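As written, the chain order gives the labels A, B and C, with residue 1 at the start of each chain.
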């Protein structure tokens, strides 16, 4: 029985059916189809919700194993398990709309996330320092244009130097940037459509 | 002579220099970009007292950048006496609303159900946008606090996308594109976006092609919007740091190239 | 019933599908003989795994976090396909694979991809459940978890292919600082410059979709790319037509959507 359920043809068939319903829903407004599409999406949402529990169980199991074997940073694993239990208990007891839960999210989680996000800017500087080398004419033009766009659009310095800089930066964004962006997005969407077709008919798989 | 610089030194120097404008703020000229001005103009033509859709699609990590936008938009909506239908297509949205936006509404005396409603987090991404656009009640029957939306006066004549004169989205996760796809193109609803700086460059082509009516450029765009609306805030305070960070980027790229070419010419001379 | 303003987009979509299938069919029948040009970034996948084998180090792979959209991001599927390829190569060379995951619902799918990769390599005993690791469902916790694994396990190669947004630099910069060979790929413009700056090889946009065709040289897959090029040609023709009409003051988009 499990062999029949896991059989590739049935899985592909179900996937193809769901894909057709979702695609048709975009082009037609028929009550039955839009209800079915919403139901399929809600199934996905329910699976996502259960997956959060699955993820939590996997994490706890992994870190309990580390604590038991005193392997790696097992002391941080203890801290992780305590944090999971505390926040989970607060969420269940006081609900997600409570002041204390939101205080934890805004003052602890948000602060930590913002701190890590701030690393992106610093890492961008080190990555640029390490890798941007003006080895040929193309790279030189790229650097010059990027500098003009940064100075003209991202920061107010451009206006202080000359009004030509922000005007030129805007021209670059309005014409070459839009043309290249649109072309690449359209090409990528065409390839993605072809990939989806191959996936749905079962021909796309790894090597 | 300068040798190849350790990245830890670069990070350390960058942190110190970027912090200086916060400690010693300096004034900078504020020229409003056309995309920000278009965002402002398109919101100005919406009549006072209209019911608008406001999508909060930022994450907790983007708050440092976009917090100013939430505050200035809140103040602007109150000044215009807009009735606000708030929705989030990203899971952090409701918490961010409760912490940053709701206090502004409460301070102005806005009443839940009459002047604003929070529909909460709607999952499902693309199909969620489409479903809300065609029939809100097919997806949402209660608001974030459990009230039946049919019992709320603000939702009385709101059924689908065509009932909104404008959609404003503060965005870090492709929300502008999804609104264009499912609200702008089919229903002709004007979309005004307040994305992060990296997302601005991605959506700029949509704005230039006329698919999106207005767009702001991250912190700088929010600072410009604060300037236009005369509500200076954290974004205006951050402009100095943004300027310094961008200039540092250019400086270090140039420095890296100078060191590279100097080393290369040394090797050529040795040969 | 039918949204008439979507007639032309629907016809375009159908033309893309027909072109793709026609290209595949004609190649299968031998009427056309297309070839794929050499893509260094795809060659680098095998090179990276071989490098890890020589160093005796594991290989790290992640599909990224995808801006919090989880399994709804389109870039995830080619990322999982390439994961299967990498699993096949790792199983063949008998080196461990560490797959780090930011979504619970991705775990069983990735598990299946790794397992199938092992079966395809002819070494199904290579597979271990601990190759698949869940980190966190919050983007920067996930990014830091990946960095922690990279710094502790010291892989010989790191792959970041799939959905990448803000976590790109957080993951790739520390790995680059350690001299780990990195191959990445994403379909979002916002992350692309960061990946190009910090990784050794980058699969840019549609190159991610080419990997299985490149490796297997399957006629149907290669032929479908010919069809894709034809579909892109149709788009270019429409662009030129729109440009010509715009010169005479007419809006092709308005004409087509009012049809």
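The definition used in the following text is that contacts are C-beta pairs under 8 Å (C-beta built on N, C-alpha and C of every residue); 3 or more make two chains touch, one makes a residue touch a chain.
Just so we're clear, the structure is a prediction, and the values are computed from it rather than from any experiment.
The greater number of contacting C-beta pairs, out of the two interfaces A-B and B-C, is seen for A-B. In this assembly, the chain whose C-alpha centre lies farthest from subunit B is C. Taking the mean of all protein Cα atoms as the centre, the chain whose own Cα mean lies nearest is A.
A separation of 14 Å divides the Cα centre of subunit A from that of subunit C.
Distance between subunit A and subunit B, defined via averaged C-alpha coordinates, is recorded as 17 Å.
A straight line joining the Cα centres of subunit B and subunit C is 29 Å long.
Contact of a single residue of subunit B with at least two other chains is seen at positions 7, 59, 61, 124, 201-202.
Within subunit A, the positions touching two or more other chains are listed as 26, 29, 44, 48, 109, 113, 116-117, 124, 126, 128, 130, 132, 181. In subunit C, the positions touching at least two other chains are 3, 72, 139-140, 166, 189. The part of subunit A that touches subunit B in the complex is made up of residues 22, 25-26, 29, 34-35, 37-38, 41-42, 44-45, 48, 96-97, 102, 105-106, 109-110, 113-114, 116-118, 121-122, 124-126, 128-130, 132-134, 143, 147, 150-151, 153-157, 159-160, 166, 170, 173-174, 177-178, 181-182, 185.
Residues of subunit A touching subunit C in their complex: 26-30, 44, 47-48, 50-56, 58-59, 62, 72-73, 109, 112-113, 116-117, 119-120, 123-124, 126-128, 130-132, 181, 184, 186-188, 190-195, 197-199, 203-207.
Listing the residues of subunit C that touch subunit A in their complex gives 1-3, 6, 10, 13, 16-17, 20-21, 24, 70-72, 74, 77-78, 81-85, 87-88, 103-107, 113, 116-117, 120, 133-141, 143-144, 148, 152, 166, 169-170, 172-173, 176, 187, 189, 194, 196-198, 205-206, 209, 211-212, 215-216, 218, 220-221, 224-225, 227-228, 231-232, 235.
Of all residues in subunit B, those touching subunit C in their complex are 7, 59, 61, 90-91, 124-126, 172-174, 186, 198-199, 201-202. Contact residues on subunit B toward subunit A in their complex (touch as defined above): 5, 7, 10-11, 14-15, 18, 28-31, 33-34, 59-64, 92, 94-95, 98-99, 123-124, 127-128, 130-131, 134, 138-139, 144-145, 197, 201-202, 204-205, 208-209, 217, 220, 239, 242-243, 245-250, 252-253, 255-257, 260.
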